[in-house]
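What follows is chain A paired twice: with chain B in the first complex and chain C in the second.
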Partner chain A sequence: MTDATFEIRGPGLRSIGKATFARPWMFSALLFVVLLVCNLLVLPGFLAASNFAATLAVGTPWVLAAMAATPSILSGGGGIDISIGPLIGFVNVFIIGVLVANGLGNPAIVIPVVIILGVAVGTVNGILVAYVRLQPIVATLGMYLLLVGLALVVLPQPGGTAPAWMVGLAGSFGPVPGALVLIVPAVGVWIAIYRSPFHRALLGTGSDDRAAFTAGVNTQLVRVCAYALGGFFAAMAGIALTALVQSGDPTLGSSFTLVAISAAVLGGTSVAGGVGGITGSIIAALDIYLIQELLSATHVPSFWIQVVYGAILLISLGINSVIRTLGRKTQ
Partner chain B sequence: MSGKVRGEEVTSPIESRALYTLEGISRSYGSTQALSECSFDIRSSEIHALVGENGSGKSTLVKLLSGVLSPDGGRIVMADGTVRTKWKNPKKSAKDGIFTVFQETLVAEGLSVVDNIWMGFDGEFRRGLPVAEERRLAANTLAELSDNPPALDAPTTSLDLGGRQLVVIARALVRDPQLLILDESTSALDISDREKLFDVLRSRRARGRATLFISHRMDEILTLSDRITVLRGGLVVVTQATSETTASAILSLMTGRDMEVAGNRKRQTLGATVLEGTALTLRENAAAFDFVLRAGEVVGVAGLEGHGQDDFIQSLCGLYRPVSGSVKSVAGAPIRTLRQASQLGIVYVPRDRKSEGIFEPLSILENFSMPTRSKYLSGGFLRSRRQRKAFEQYTQDLRVKYGSLDDPIVSLSGGNQQKVIIARWLASDPSVVVLNDPTRGVDQATKQDIYLLIDRLCSEGVSVVILSTEIEELVVLADRTIVFHEFAPFAELPHETVSTRKIVNAMFGHHSSELPEEAGI
Partner chain C sequence: MIDLKDDNVSPISFVSRLVRFNSKTRELAIPQIASVLLLFVFGAVMIQSYATKSSIISMLIIASFLGLAAAGQTLVVLLGGIDLSIPFVIGVANVMMAQFNGDRWPIWATFVAILVMAVCVGVVNGLASKLLSIHPLIVTLATGAILQGALLVWTGGNPTGAAPEWLTKFVSLLSKTGPIPLPPIVAFWIFVVIVLTVLLRKLSSARSIFAVGANGRAADLTLVRSTGVWISVFVMSAIMASLAGIALTGFSSTGYLDIGQPYLFASIATVVIGGTSLLGARGNYWRTALGALMFTEIQTIMIGFGLSQAAQQVVLGVLIVAIMALAGRGEPVGKRI
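And then the complex of A and B:
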């Protein structure tokens, strides 16, 4: 009898493992469904049309930050970009403290300038990693400190007001939630990359850079592009954050780094590189967002939120890792 | 890159012309000259075998041709008269028609079979071929290579070593390079896949393409190749038509003359058995074998890179777990971990001094006493004077030259570092010493000191197992030499009758008795 139960349970777990191994984002998707149900039970109006756009807008900077963290990790060689949080924060104060303050709040100026800024910062990170051969964590830590400092130089005190057009980004344009105006192009860029040979070169470099190099991949250029792409997504996240808070705050950015990297890993991207993708990161960012929503909705004292949030993250990552190991073994 | 990947099959022989002419190619690593003034040509419509012992410069030459390394000197003249002094990276060398399948199976595990095959073919952002065309060519190539090819969309993590090797070979073949370099890249293929690969190589030859073929199987080399280039000690010894030579002639060209054996040591009468390996199997499908080590014996271990000799000596000290079989001390205690081995007095001196031997930031004395520190403890504190005394005892024997014991170990020369590492392990009074290539990259004087030490050890009844890539030293030192081929001992050569040539023959899977004795070169 017990044997029979085991026979059913064993392969069941293993096939989940196999499925998550083939699709690294699967675990975060299952977690998403569970969390969504919990949220709906606690807050029946959670997804109501009336505040759906606002709910989405709160989650958007997280989603874009998680996307920003992913390409550098995928590129392997210990790849990681911890400067994305401060970059998001710097974009925020740059929009408020530099562009808007000088009357350049027009979207036709703000959006391209900020994207160029993000890509430039990412490119510098990539050059430091790929050509100067600094360890990624050291190179991007330097960039982290630099951006945190610069943000305070640009806007020493929280303040300022976002341009009017940004209100829509945090609300809606007619029936369309404003957040989608940022998420859809970002996802579009990723889809284009996914279908291009760059994706193959990126995962190849991340899995085994010697294999990629000897097959003819320019692994250094691929890594620079990965960090630049992270910078692009971080710039989008910075716009989303500015739209959400409607002002500038030099202290906001740093916290995004850890959330973004946790989301990337929870979404199935391997810290060893070469395995994973942005789909998982997006879903996992929503997971983390739902966890926080759930905790505040159930009136967990605010200082416990961090503890519970960290514990849930550790447990989820642990389960994810165990399942994936099982999946690998059955192959 | 052009979209045209495979030409039409041409059956009529094409006139052979030089595709790549190497002129005086040289390369050194630090003070080691890996290749000096290599000159030979690779022609169209030929399969060109490159043979040589370990360390003869084959792999260096392959890396130079494929753009992984740059030569220090010399040039390569191509068929159209273009001259190259180097290729900056493999992509550049691929543009000039050269593509290499390396010895290690370099697959990117995060990618599927078809993505692994085409990785690096396109530009960074522009696809080289439409997806459908990629899939068709990859499927055709894999089908040519195997009756049971891996699925195009299978993750490479699901493939065994043979499957992975098919993928990296297919990666080269879909590009249809002017010159295909196969660097011992058939070892994991099964017999039928290997035959299919050879058919593919022959059809390449019929289309005018060149293949540079490196293999450790003399039979393959003789049946497949048109010409053979022999490398020895970084020099091209000869390039000749395969039809004009024989296996034994090639083997003696590879080894040169048997070295004069100087300072032959006194043979000990062997003591009791100290270590016993029973039915050891190093890989699935490899032959099982027994091994007995006796007190005071020096056993030499040789083999071409990757034929199981490393695994074997590591299994003696618990670092490698054989697929089946067991290693036991004479008392019957099993040896499964390094800790068990060291408790039984078996010590292992690793090959890669830099990564496995020394602690770079620490001093000479700390490096010496690291594993035996408990001997110098008193009341929980290290007794520095006791350590120093012990160390000085060994350094006299080994003639280590150093300034102060507190100098960092990296201040010593490579040879002296090696002596400190050996002294470290001798300080634990071992009964069995396993040495993994102890004289690699050390000077002649240090070698002599190490040889003398081995002599002294076995006169004290210590048993020594020494893996060496310097075949001459096995001839001099070992009471018997076990030569590994394909993960099992191929020959066991007693000291009385051993010669460099016999060892090399066995490394390449040839029994010396099959070969007529003939006078050197």
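And then the complex of A and C:
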């Protein structure tokens, strides 16, 4: 019975902190609720059924990019993949400039080819990090420059048209928003991984690779798989981006890297590795999307948007860090 | 028994063992010095007018900008952090210099204004990274976004003004520094390289950068004020980036919002190919200076071969990975137990 009296506590900052510490994604979820309410106050029709599919389609590349940034960070050892943005951009120009241009715009060809491309790029990153033992930021910087350059070679000027079936991905297939066709399989892959022993090996490698290694985990293979998984999600994000913009643009991709990494961190994934997950990244990517929606809906002058966006990011991360520290002390 | 995977067999590790056959070669940066020389010989043989006086001086000028931009990055990396706000600080300092000069501010007032800006950016970066324990990568990304936005708000996306004449001369290919037949910017950079390298070696407060970079908690226990170290390093980084921004005004002759952008990843690559470890506490600024020379030589050679912008990026990406695979590999996990 005494335990029960301890259980009942006021909703003080400390208990919020404790909850946030236990669930890294909690803060981004709270932020999501606040931002959603703000958005609905400013734009009452924000979630109306008529434009829900379109709203979701705009956010989808960001959500998938944030998912792509997460596994490499989780794998630890300074793990980070800065090449995901350029990979998303390269997938975009590859679909338009290579596949569609050669009459291979059929979804049965585009989707598997692009996914193999993404996984292959991720695997190369992973091999450079795990077996060649380069610092992840250096290895993926090399890949970043390579992909930015190749994108310009494949499609020097923005242009081209996406195949017709992609229109549905940015709109809806009957009553189903097209964006879900991309998000659901991606989340499904993560759920399958979450339930598999690989997930535990990934977090173990991320929090202490030496301990994981002595416990018999093949830490090198785990890291390669983590980067390959990031490549898979980035390929999905590239498809979503192509569906959204309906053309090819070699300069679009790079900007995704930094937003995706900040979304992963805002979602509670620790840059030190081993803590966090994709749930938080998805919610935090929606947070960032909602912040931008809110800023444009409230007619903040476009030049101010970056200032406010940077400030909100910094303040949110600060609050997140402070309440998590409080939560850790409570434990 | 634990299998401490010995990877003697792979060709990459064979070459990399050859390159760093003992700790002495690594200490003296033999691979880096050899690369700078070999790249020069390669360029001189393959490209006409590569080894002329004016070509060498212009390479040195370009390396000076890169070296100044990467100076602060070196300090931050020694601390185990990373500074992505450098390109934005360069941009702000560049636009402030041109704009205030155009508004006929006295030169000292312009410098004070830029210094105040740099100190503010550095303090925010250092405080948020250390006290709120948010990774500096993310902090500097956010301050960078704020700076870029502030610049747009201030100039309306259309900066005006012009570089003062003395600044244009300072970076000009044709000017000389007293008796030294080099432009003042190059002489200034050489001065910075010597001073910063010596200070990092000798100054006890600079040694605390290495202490914090090696192990923050241990440094705290030995009464190193690590918060102060974090703040002063980020302030130094912003000041060095501002100097690069000011010098670039002489080059661009007007304010240009995106002038710092090429330095975002180039500053990191320069530090890393020089042999300073991203894990912190290992390296020095003279290594970064070698990195800046290598980087500039590679770029000049690629331009000499007539490679397109896109092809240059591809080659640079492959080269960075190749250089690091030869000279900058980490230890296998089995050997760290």
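Note that the second predicted complex is superposed on the first by the 320 of 331 C-alpha atoms of A that agree within 3 Å, B and C clash if a C-alpha of one lies under 4 Å from a C-alpha of the other, contacts with A are read in each partner's own complex, and residues count from 1 in each chain.
The rule is short, and it goes like this: a residue touches a chain if its C-beta (ideal position, glycine included) is under 8 Å from a C-beta of that chain, and two chains touch if they have at least 3 such contacts.
Values in this document were obtained by computation on a predicted structure and should not be read as measured data.
Student: Tell me the contact category for A:221 with respect to chain B and chain C: first, second, both or neither.
Tutor: A:221 contacts chain B only, not chain C.
Student: Check whether A:67 is in contact with chain B, with chain C, with both or with neither, and answer first, second, both or neither.
Tutor: Once the two structures are laid over each other on A, A:67 reaches no partner at all.
Student: Identify the partner contact of A:213: answer first if only chain B is touched, second if only chain C is, both if each is, neither if none is.
Tutor: Touch status of A:213: both partners.
Student: Check whether A:285 is in contact with chain B, with chain C, with both or with neither, and answer first, second, both or neither.
Tutor: neither
Student: If you stack the two complexes on chain A, which partner ends up touching A:142: first (chain B), second (chain C), both, or neither?
Tutor: In the superposed model, A:142 contacts chain C only, not chain B.
Student: Once the two complexes are aligned on chain A, which partner has more residues of chain A within touching range, chain B or chain C?
Tutor: The larger set of chain A residues in touch belongs to C.
Student: I'd like to know which partner A:201 touches here: chain B for first, chain C for second, both or neither.
Tutor: First partner only.
Student: So, A:294: does it touch chain B (first), chain C (second), both, or neither?
Tutor: neither
Student: Who does A:84 touch here: chain B (first), chain C (second), both, or neither?
Tutor: A:84 sits against neither chain B nor chain C.
Student: Across the two complexes, what residues of chain A are contacted by chain B and by chain C?
Tutor: 210, 213-214
Student: For the complex, give me every residue of chain C touching chain A.
Tutor: Chain C reaches chain A through residues 2, 12, 82, 84, 128, 132-135, 137-139, 141-146, 148-150, 152-153, 156-157, 265, 268-269, 272, 277-279, 308-318, 320-321, 324-325, 328-334, 336-337.
Student: Within their complex, state which residues of chain A touch chain B.
Tutor: Interface residues on the chain A side: 22, 196-198, 200-201, 203-208, 210-218, 221-222, 225, 270, 273-275, 328, 331.
Student: Applying the document's contact rule, which stretches of chain B touch chain A when the two form their complex?
Tutor: Of all residues in chain B, those touching chain A are 66, 68, 89-91, 94, 100, 102, 104, 106-111, 115-116, 118-128, 155, 157-158, 171.
Student: In the complex formed with chain C, which residues of chain A make contact?
Tutor: Chain A residues touching chain C: 78, 80, 82, 128, 132-135, 137-139, 141-153, 156, 209-210, 213-214, 219-220, 258, 261-262, 265, 271-272, 301, 303-311, 313-314, 317-318, 321-322, 325.
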